[in-house]
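What follows is a short report on a single structure.
The first chain written gets the first letter, and so on, giving A, B and C; residue counts start at 1 in each chain.
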Amino acid sequence: MTTETINPAPAVTQGRGNRKQARRNTLIGWTFILPNFLGFLAFTLVPVLAAFALSFMEWTSFSAPKWVGLANFQRMLESDTFWVALRNTVVYALGHVPLTMALALLLAMLLNRKLKGIGFFRVAIFFPYITSLVAVAVVWNMLFSPDSGPINQFLHSIGIAEAPGWTSSSDWALPAVIITSVWRDMGYYMVLYLAGLQAIPSELYEAAEVDGASAWQRFWNVTIPSLRPTTFFVVVMLTVSSFKVFDLIVVMTNGGPGRSTTVLSQLIYQEGIGEGKFGYSSAISLVLFLIVLTVTVLQFKIQQRRER
Amino acid sequence: MTNMAEDLKAEAPFRAGTRLEVPPSETPRRSKAPRRSTRERKARTLDLILYSVLAVLVIGLMVPFIWMVSSSLKENNQVLTVPIQWIPTEFVWSNYTDIWTRIPMMGYVQNSLYLSVIITCLQVLTGSLAAYGFSKVRFPGRDVLFLAYIGTIAVPWQAYMVPQYIMMQQLGLTNSFNALILLQAFGAFGVFLMRQYYMTIPDELCEAARIDGLSEYGIWARVILPLSKPALASLALLTFVNTWNDYMGPFIYLTSNRLWTVQLGLRSFVGQFDAEYAMIMTGSVISVVPILIIFLIGQRYFIQGIATSGMKG
Amino acid sequence: MKRITLAAIALAASAGLGLTGCAGAAGPAEKPAQEGKTTLSVSVWNYEGTPEFKALFDAYEAANPNIDIEPVDILAEDYPQKVTTMLAGGDTTDVLTMKNVIDYSRYANNGQLQEINGVVDKLDKDNLAGLDAFDLNGKYFAAPYRQDFWLLYYNKDLFKAAGVEEPKDLTWDEYVALAKKLTTTADGKTVYGTYHHIWRSVIQAISAAQNDGDQNSGDYGFFKDQYNTALDLQKSGATLDFGTAKSQKTSYRTMFETGQTAMMPMGTWYISGFAAAKKAGKTNVNWGLAPMPQKSDDGNVTTFGSPTAFAVNKNAAHSEEAKKFIEWAAGEEGAKAISKIGVVPALQNQAVTDEYFKLEGLPVDELSKKAFTPDKTALEMPVSDKSAAVDKILNQEHDLIMVGERSVEDGINEMGKRVKSEVLNK
């Protein structure tokens, strides 16, 4: 799907590339893009670029910005909290992206059939998404409760004596948050996969079955390759959302205990609008932007190579 | 208006979204008839297992929602108890009548609806237009521009919200619905989603229309748009839900109480030192209703729309 | 096309529903400024849920018929963030309410507020609690109208049931012993001896106040006894465990109003909240107030508190009127207006206290009255541009000590180390 982002798409005017036609195309193209582009340029792109420019300045939002060069970045690299938050964000993404992807795919395979009331189940999958975050946080924290929570009681019952402290422990708070966020997001991505699955023609499976392929082989040789475009889309969107995670963490642990679940976007919020160090917070967001961009471009290249 | 599209669709060798990755010649077709009965029996057992798995799953997914509903029927000081209480000792149905008078809930619902519908319509319209430009018309600088669009998705809003606000203030647009509409109607998300979908629509279709003498605008309006109903529906749904549930945007831009949305109204139950969680949960349950209605209406399209936009062209 | 038709219908429906469309549907349109009246805008949080604002504004409008006060209602949760954003955009709201002294220091140090020494000089400086907090090198940029401080709420019935006397002149040791004695479990339901809310102030601010400690100093040895006390209570089960309270978002109101705790250190803002709940029949707890426990039993009461103040925006449209309003609000008239609804004013004199205890439903025993007049009220957090950053670090380390991941000693050392390296030496 997205492989064409950089490759030129099939042109309207293939073979007739004279200059007049090219100019006409440019004009037509722009007229299509313009209504959205004007709004996008004015209200999103310009502020984003302004924020990036601020990362080289000191600005309290009450007075004129002052140019400070790379001082914000230097401060950031020396800040212990920045590295903690960066580490947490990366760990969160490493846990959240593959787990959500795998479970979403599994759920999609489960729901990809004609079944009475399947519509109800599909709607039910969305409930985590539209449940108030406070309710999500309270109930999951109850489930995770170190002494009386059902999760640890289960772990005790299967013979694990030293059950984790989950959200009351620095080591386990991040895994607890990851589990909750996977639970919350898997329905959303399941729909993307479900859709992808529906587009795989059943003939492919039948052919594989005739060739004597086991269920696992069919999954591996038919489903996975056919889903590659969907997977790419899911990975990109999941990566972006993992690196920007904010609401769930604020409500569930607020970055604690200590700094064990503090993430970059929280830092951006606290330092910027919270404490009025907008230059510094912009520097952090520039770094976050670059990381996400790198990951996306890398995935993009891998995808392109596979497609070839 | 749709006739032409239907014709072209019938002519097209395959419909967008059901295209094969492996050429059809490689997939031998066989009769399924002889194996149907064993299959059916197998399928029935499978269905049974599936139903039980799904039932457990649904309960797992609904637990916090159930707590939310239960809390909405409690006195405020009974909500956050230790240990957690699943069934209210006394059902306080009056929460559901009180909320309409405690805050101007009806007005908030109207404001939310107004914003969500306008933003959704604009996003779908401008998004699909721009997506056509990005996918079906070739011109220099197009892909760089498109990357800029996607790039902004990766920047957290917290980072550029103040520069954006200052700009809006200078344009005299703060404290009005217009500010939010302008900010959210032209996001990159719609363009991205629609473009991916258009990539799956074969160019042959456009060529055929061109030969029939349609202009590019005609192709967009009479061929592409009717074909992309599912994608339009899914975009509309996602935009609606996101706008409906947005809190920070309305909080920063809508100052007058008259302009507040449901999400702001619910947060007004959070005080400096404590919060009225029973009322918040009541309001949250109410605010889920419009989303459910929209979801149920668009459900069929939604699944299909994602299917095609997720496929390669 | 069905979808688009649907959208069109929805659009029409909502435009119809919205009645006023663009103008917003929740409430009447803003009334135009009346002839000869000045509209003074004041930023407030949670206008409906914070009755003190309405009480002040109504009283002021009644006393000054040519002034119309327009509250700029902002959600309490993210109040400072919204005010910062608005000010960055050059907002002209006249009076800005300072929710806490940390924000005050930021706005004042960045030149966002007007100096109001002229107003402060006219006030009864000696009796205005918390005024010192706003003194920045001899300049005042805000004047307090309200001052909340901490005291001990207790459940008289639970005390009676356990056969113990009212908590008079408690030392911390006596407090711990009492809490343990009051803890009972019946039918699987625990009633705790006391409840410590998860805020760090419950431990840190009170020990700073009673030990003359400075929370911005980077040396936190003075926290030690208080942490040991709190952890001892928690370990013995005499208070709800911190981890549970935090993750379950336990409400202190629930703990006290449902009789799950016999004692609870908490701020005076809860007095009016509890009185209202009692009046509405939502709780039947028989309550009393007592001074905070002390280091020694010499009868001197030291607690901590936090003032709330009004300031004038640098870009105010009506500076003079704003100053007049502040002078009134921080004076006796303003104090009486908020006393009537159970909010503790910054101005403390006999007339105001009398007005306060007229409030219906307040406990009127001698101990409760004594609790209301502490000998010394220290500032919850010092006023400095470093306070916000220090506050964050102290919060994080507080968590770790309370969940038992760091020993008290290590935690205190870590606080000092981090505050010095991340804030003081920057």
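Simple rule for what comes next: a residue touches a chain if its C-beta (ideal position, glycine included) is under 8 Å from a C-beta of that chain, and two chains touch if they have at least 3 such contacts.
Remember, it's a predicted structure, so these values are computed and weren't measured experimentally.
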item	value
Top chain pair, ranked by number of contacting C-beta pairs	A-B
Label of the chain whose CA centroid is most distant from the centroid of chain B	C
Distance between the centres, which are taken as Cα means, of chain C and chain B, whole angstrom	40
Centroid distance [mean C-alpha coordinates] between chain B and chain A, Å	16
Centroid distance [mean C-alpha coordinates] between chain C and chain A, Å	38
Residues within chain B bordering two or more other chains	80, 84, 161-162, 168, 277
Touching two or more other chains - residue numbers and ranges from chain A	61, 134, 138, 142, 273
Touching two or more other chains - residues of chain C	84-85, 88, 244, 248-249
Residues of chain B defined as touching chain A within the complex	17-22, 24, 26-30, 32, 47, 50-51, 53-54, 57-58, 60-65, 67-68, 71, 80, 83-84, 125-127, 129-130, 132-140, 142-143, 145-156, 158-164, 167-168, 182-183, 185-188, 190-191, 196, 199-200, 203, 206, 210, 216, 220, 241, 245, 277, 280-281, 284, 288, 291-292, 295-296, 299, 302-313
Residue ranges of chain C in contact with chain A within the complex	80-81, 84-85, 87-88, 106-107, 110-112, 243-244, 246-249, 388-389, 392, 395-397, 399-400, 403, 405, 418, 421-422
Of all residues in chain A, those that touch chain C in their complex	60-63, 79-81, 134, 137-138, 141-142, 144-146, 165, 167-170, 253, 255-259, 270, 273-276
Chain B-touching residues of chain C, taken from the complex the two chains share	1-4, 6-7, 10-11, 14-15, 17-19, 21-30, 45-50, 72-78, 82, 84-86, 88-91, 99, 240, 244-245, 248-254, 257-258, 260, 267, 269-270, 273, 277, 282-283
Partner chain C, residues of chain B touching it in the complex	1-2, 75-82, 84, 102-104, 106-108, 110-111, 113-114, 117-118, 120-121, 124, 161-162, 165-166, 168-170, 174, 176-178, 226, 229, 232-233, 236, 251-252, 255-260, 264-265, 267-277, 297-298, 301
